[in-house]
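As written, the chains take the letters A, B and C, and residue 1 is the first residue of each chain.
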């Protein structure tokens, strides 16, 4: 046990050193001038730009813009998908009615609705929220349907033997049973939400990091561009980690014992 | 027998579509009796138990409980499923699983906690209320399912091969605990098993079903003194005689 | 849910009624109200435009460009990802050493690298390969690593008992064993690649289906825009269905279990 612990920490330490080495090589390359600083600014320059951006408030505003698009789109998608998914999951009739339409819409690249959304809503935040909602809906919807249809049949018998009503059965048996699937869908969707936020901001020029990095690239301000990319990576990491943590907390009954 | 039987199967027949499962099942079970149902696999013994639980309805004939048709599950008839791993809610603790039966029965929240602790203690799970089913052994999970059934305050306990998946030692321990529990609470029990010795050891009476379709083939009383003892009872001449008789019955039914 | 899983010749009329009804309602509404709009066109008109642009070669040419971008990126990113995935699974020390680096790079949204690729490569295939490649690299890395880790341990023991060299073990045991799961990874990668390449084209790159749909909107041609939209959907559906069929033919159920290959 102790051996495992120390070797785990050791491994982590080595891993951090390797990552630091990669940054160091990046620094060396940028200093050597082998690649034009226009394409590859040093990590020091990118870091300085990051700090400056937060000091003067520009990056904070752009970050909040991206977070808002992401969060609201994802939230609306989650509510709609869990609602619709529950109906489809419970009712075979609803499943028959909706499945062909959903089969067509599911593999559709979400970004393909951007032009249509722009045609209807213009270059607005509402357009971005709509696109993000549309794009993040499918993973949650499909996993909700999956979760509802894979409830252990024995549990339905338990509910029947305990004379539980339909609503009570859904609330106490079906929903908790489908929760792992629903949360897994929401975890996948949060990544998609970030990607679509960036794309919408780029195309529509909305406040957000997507717009910020695009403008930085056009003005050849590559340290700002790299600062934005680093920030987007951080948002991606933090958001999926947060959802995973919520998942672990809500599903803590799952990984106990054997 | 003057009193109304607790359960009365009268000509109960069940078919799934064209496939007959049970044919013309008839027997009465008086209150307080411990009845075991045995039979080769595919004889429909589990299906018969589901009829008694009100989970299935006979296509012909009737299953009466206190003289009334068993048209739906009742609060005072509890069923213990064989696959405890599937029948417990994995996302609820032991406490929460027992609570489920009380919530469904409309027991006010105020009275629940004490009663749940009492029930957990009764099945030997005192102090284990905070554990999730996945943290418990098979034997403990099955005790938990029994506790959940007892939370319904049942007058009848239906048990579907409850100890089939447990190791021999755990099984014997639970057999004695169930006997003690039943003796104390005066509960009527219908117990389905494929283990002949278990049926004789536990029961006041053993009903054997014949397969394809399931029908009653044998119905014998077990005249063994109570309380039963894992060693002494199993050495009684009457025990051995019954074992022989039922063994021959099963052999014959498979031929 | 999947259409391919439904027994053949059982048509779900009820399910087809919903999209058909929606289309009919849209058609009637647009025809009867006689409004002119820049965002909608009657379905019949969209259908005619779709056929016209398929016949005149405009959509096929754009489709070819999009698929070239998608599959080029899939190969350029996917193959290194596959090799590294096998290496990581076979050499845990390497996996542990690279963990933080991979964890830091993977969450960067692929489209965030779009401006970087734009500066480096300019418009054209280069940026598309780079961005699609980034997405597919990490996807193949993760899926391949999981596939190799999932190889029945008994098979690895067999190769040790037979004293196979490491390369021989990879070639004769590991690769055949993970082949079905690799194909699944390839199928998922192809879907992802198509999505990413269309996205790049919509966002900046002036070529392919994504560019067609954007220019149709700017030209205020709702019929062409919706025709492109439908076509992109059909291409996605066709690609997925084709690869799914190939997977069933090649590996049967083994692709799902990840075992039992010849």
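Just so it is clear, a contact is a pair of C-beta atoms (placed from the backbone, for glycine too) under 8 Å apart; a residue touches a chain by one contact, two chains touch by 3 or more.
In this text, all values refer to a predicted model and were calculated from it rather than measured experimentally.
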Q) Can the chain contact pattern be summarised as a line, a ring, a star, a complete graph, or none of these (other)? A) line
Q.
By Cα centroids, which chain is closest to the centre of the whole protein?
A. A
Q: Would you mind checking which chain's C-alpha centre is most distant from the centre of subunit C?
A: B
**Q.** subunit A-subunit B separation of Cα centroids, rounded to whole Å
**A.** 49
Q: Take the average of all CA coordinates in subunit A, do the same for subunit C, and state the distance between these two points in whole angstrom.
A: 18
Q: Indicate the whole-number Å distance between the mean C-alpha point of subunit B and the mean C-alpha point of subunit C.
A: 54
Q. In the complex formed with subunit A, which residues of subunit B make contact?
A. 53, 55, 72-75, 78-79, 81, 83, 86-87, 89-93, 100-101, 103-105, 132, 134-136, 152
Q. Mind pulling up the subunit C residues that touch subunit A in the complex?
A. 1-3, 12, 14-19, 38-39, 93, 96-101, 103-105, 107-116, 118-120, 191, 194-195, 198-199, 202-204, 210, 213-214, 216-217, 222, 225-226, 228-229, 232-233, 236-237, 239-240
Q. Within the complex, which stretch of subunit A touches subunit C?
A. 11-12, 14-16, 18-19, 22, 38-39, 93, 95-105, 107-116, 118-120, 142, 145, 191, 194-195, 198-199, 202-203, 209-210, 213-214, 216-218, 220, 222, 225-226, 228-229, 232-234, 236-237, 240
Q | Footprint of subunit B on subunit A - complex, ascending | A | 152, 154-155, 157-164, 168, 172-173, 176-177, 179, 251, 253-254, 256-258
